[in-house]
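Structures are listed in the sections that come next.
Two complexes, one shared chain (chain A), two partners (chain B, chain C).
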Partner chain A sequence: MSQVLSPLPGTFYVKPSPEAKPYKAKGDMVAVGDVIGLVEVMKTFIEVKSEKAGTFREYVADDACPVSAGQPVASLEF
Partner chain B sequence: MPIQRLFIANRGEIAVRIVKAAKELGITTIQAHSDADKDMLAVRMADEALSIGPAAAKDSYLNVDRVVEAAKASGADAVHPGYGFLAENAGFAKAVTEAGMIFVGPAASTIERMGDKVAARQAAEAAGVPVVPGSKGRIETVDEAAEIAQAVGYPVMIKASAGGGGRGIRIASNEVELRELAPMAQAEAKAAFGDGGLYLERAVASPRHIEVQIVGDGNQAVHFYERECSLQRRRQKVWEEAGADCLDEATRDKLCQTAVALAEAVNYRGAGTLEYLYDPGANEFYFIEMNTRIQVEHPVTEMVTGFDLVKEMIRVCGGEPLSVSQDQIKRSGHAIEVRLNAEDPFMQFLPFPGKVERLKLPEGDGIRVDHFMYEGYQIPPFYDSLIGKLIVHGRDRADAIAKMSRALNSLEIDGLKTTVPLHKALARDADVAADAFHTQWLEPWLDAGNLSSEQM
Partner chain C sequence: MTLKIKNPGLSTSIQDLGRPGYFHLGIPMGGAMDRFALRAANTLVGNPEEAACLEAVFMGPEIEFQAEATVAVTGADLPIDVDGNPVEGWTSFKVKAGQVLSFGFLVSGARAYIAISGGITTPEALGSRSAYPIGALGGVEGRAIQAGDVLPVGKVAGVGAGRSVPTELRRKPANPAELRVLPGLYWHRLTEASGTGFFEDEWTVAPEADRMGYRFKGGKPLEFVDRDQPFGAGADPSNIVDGCYSYGSIQVPGGTEPIVLHRDAVSGGGYFTLGAIISADMDLIGQLQPHTPVKFVRVDMDEALAARKDRKQMLQRIREELS
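Then we have the complex of A and B:
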């Protein structure tokens, strides 16, 4: 198992807009560089990308909630 | 009755500024804060502080009901909205007034009127203020837009009638582009503002952004001269000056007179700014919009005129007449402000919400720093990246730039990445020294690699 970490502190989002579907769902394939979520930091949206390839397991941070830098936001399986 | 208990519905450096001004007027200050802002400087400085909700701005600083409820619960008789957040929200101004408190700003109806670009433009034209050639009113259809664009002349800017902050603006060079872009602008305006109304105006090539500071008491208005704010990145000002050396005296007079005429025509109360595009080639200026609040860059005006605009707006909103007449307002020397943002200018201005480890601020005659930092302060990631403003006042423009360079060199903020390197580079740039720039200058200058870490 591997975790995707937030690169910055801010507010984490699992989807690109309130109406959209989450970027990933359980069982989805994840490639290196795939966008997993967004972090809103000082009114700027930064994409959270996976540094590993694998199968998406779950989000471990809640949508639209504060996260700190280095906090796990999602987990992957291999 | 004058204001006795002022509730400050904002954060950051402007909250500090308002607390200071109110204290000097003998007013008790009550600072609103989100859960993420418990440690901010304004909370420490204010007489009282009150939580208004969780970190997310939409649940705290942008939540009308919560802010009004907290203000009432605190026993405040007035609410200062600062800038941003709810400062130009007519519904908020109305809710504050209906709850029996004074809104430190213009009447809700004035905010509403001047916040609508079409209505503001009509008010400007009626007061004799020149406007950019454009549509007379709202445009609802693409065919209508094409017809008007033909008459106005390409290139044209397509804007959302209800928009603000430069959002949703598109430029069409010909009818084909217009027919492609107008529906997109309409959809975006509808999504963002719930109003798909558009308006069109001619795009002025390489314009300068010039604005006039006014304060009104509901009957009379005075101006505090102009500011030059053309150095912008992503439509955000980064460096602001007072005055605009590119204007001749006759043009400056005309510009400031028209601003007062418009402010008086709408019975303006409080501090406000009229923004203009200035076409240096043609020596023409055009009104673009009015900001019905105190602005980030107000200190440069205070430096050259010697007046405290925040105190003045609190006094007139408390019911007093203007404390100053136009002939008492003189300008002297030249002032420059740079915005200090917690961003890494060498990494595409990536936000950097770090902890202030060590802070050394420049001091001296004609140097002012408006900020909300202290050593050990953790900048929260949830809000704007502005952490402060460095302002200098010199004999003339060249002296002010030299003073800005020296002040930047003695400014030390450890623990954060900031935009200080950008300002250092601007302060030694030949075009900046020659006052040869416009609103489209800074971004190409950055793209051309004028800011590189090796130079620093």
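Then we have the complex of A and C:
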């Protein structure tokens, strides 16, 4: 198992817009560089990308909730 | 000597002590959000205190040095790494040509200052190298740094490694952070109960807080004293006939979310300002992460001036330690 970490503090979102589906669901393939979520800070949305390839397991941070730098936001399986 | 930006981080910008003197024309002073940390970083590497540094917010950049230099990183606790080896913050270190400076995940604080011996020597605009992207002034062609930028640095011998700011002089926000406030001209617009509530409530830093202003959420909405709408003022009770804003002034549009105007502030507008953060605490705001709990603490002018004097003495101690 591997975790995707937020690179910076802010508010974490699992989907690109309120109406959209989450970026990833359980069982989805994840490639290196795939977008997993967004962090909002300073009126900017920063994409959180996976640094590893694997299979998406779950989000471990809640949608629209505060995250700190280095906090796990999702987990992957291999 | 030059620096090559391999990765800019998140809106990392060139900052010095800013361009005071143009606020009446709508051009803010700008400069480092945490001026104390910038002065300390420059002092550590033997630069004049006002030399231009890089201000990194929440994430560090990745920088390749094209020649030997002395470097220091102050401000936020952002783990520092040179070619894979950890380096201490608030302490000068040497880099060789070709070495790469990079950073880990932010531990505490918000903004790190990277000083390089000789200082960054991009062209000045209105007497400062500080980036003010809204006005396209300073920085790199008026903007924050980008990947691929090559930044010029002054040529100096540089001081030695291992010069360090004593731990007790590395100022950090408490938890909750306390920001001291001097009530101002429009304080009378609030009801007495609401004014008291403002200082009793715990607020948190809103994620949209940036160099223009720091917004806070979570306290009770403010209540205003009834009035007849003055000619020229907006209809909302938080509106005034347009007036000047000061750095640190606290406006509360609609009475809901206080905004502290910071280094890249707008110079005027139509919102009442309940008071101002005292100058001694402006640097602390620059080190607040989103969602940090904050208490506003009421002070009077004597306390504000005493706090300013304390800050000057801290700076003087750093100068003496490193002279």
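Following the convention adopted for this analysis, the second predicted complex is superposed on the first by the 78 of 78 C-alpha atoms of A that agree within 3 Å, B and C clash if a C-alpha of one lies under 4 Å from a C-alpha of the other, contacts with A are read in each partner's own complex, and residues count from 1 in each chain.
Methods note: a contact is a pair of C-beta atoms (placed from the backbone, for glycine too) under 8 Å apart; a residue touches a chain by one contact, two chains touch by 3 or more.
Here the structure is a predicted model, which is why all the values come from computation and not from measurement.
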Touched partner set for A:10, first chain B, second chain C, both or neither: both
Which of chain B and chain C A:64 touches, first, second, both or neither: first
Which partner, chain B or chain C, touches more chain A residues: C
Contacts of A:20 with chain B and chain C, given as first, second, both or neither: neither
Touching partner for A:29 - first (chain B), second (chain C), both, neither: neither
Touched partner set for A:43, first chain B, second chain C, both or neither: both
Contact residues common to both interfaces of chain A (with chain B and with chain C): 8-11, 41-44, 46, 66
Partner chain C, residues of chain A touching it in the complex: 5, 7-11, 40-44, 46, 66, 68-70
Interface residues, chain B side, partner chain A - complex: 36, 55-56, 342-343, 350-351, 353, 381-385
Residues of chain C defined as touching chain A within the complex: 10-11, 57-59, 104-107, 110, 207-210, 289-291
Residues of chain A that touch chain B when the two form their complex: 8-11, 41-44, 46, 64, 66
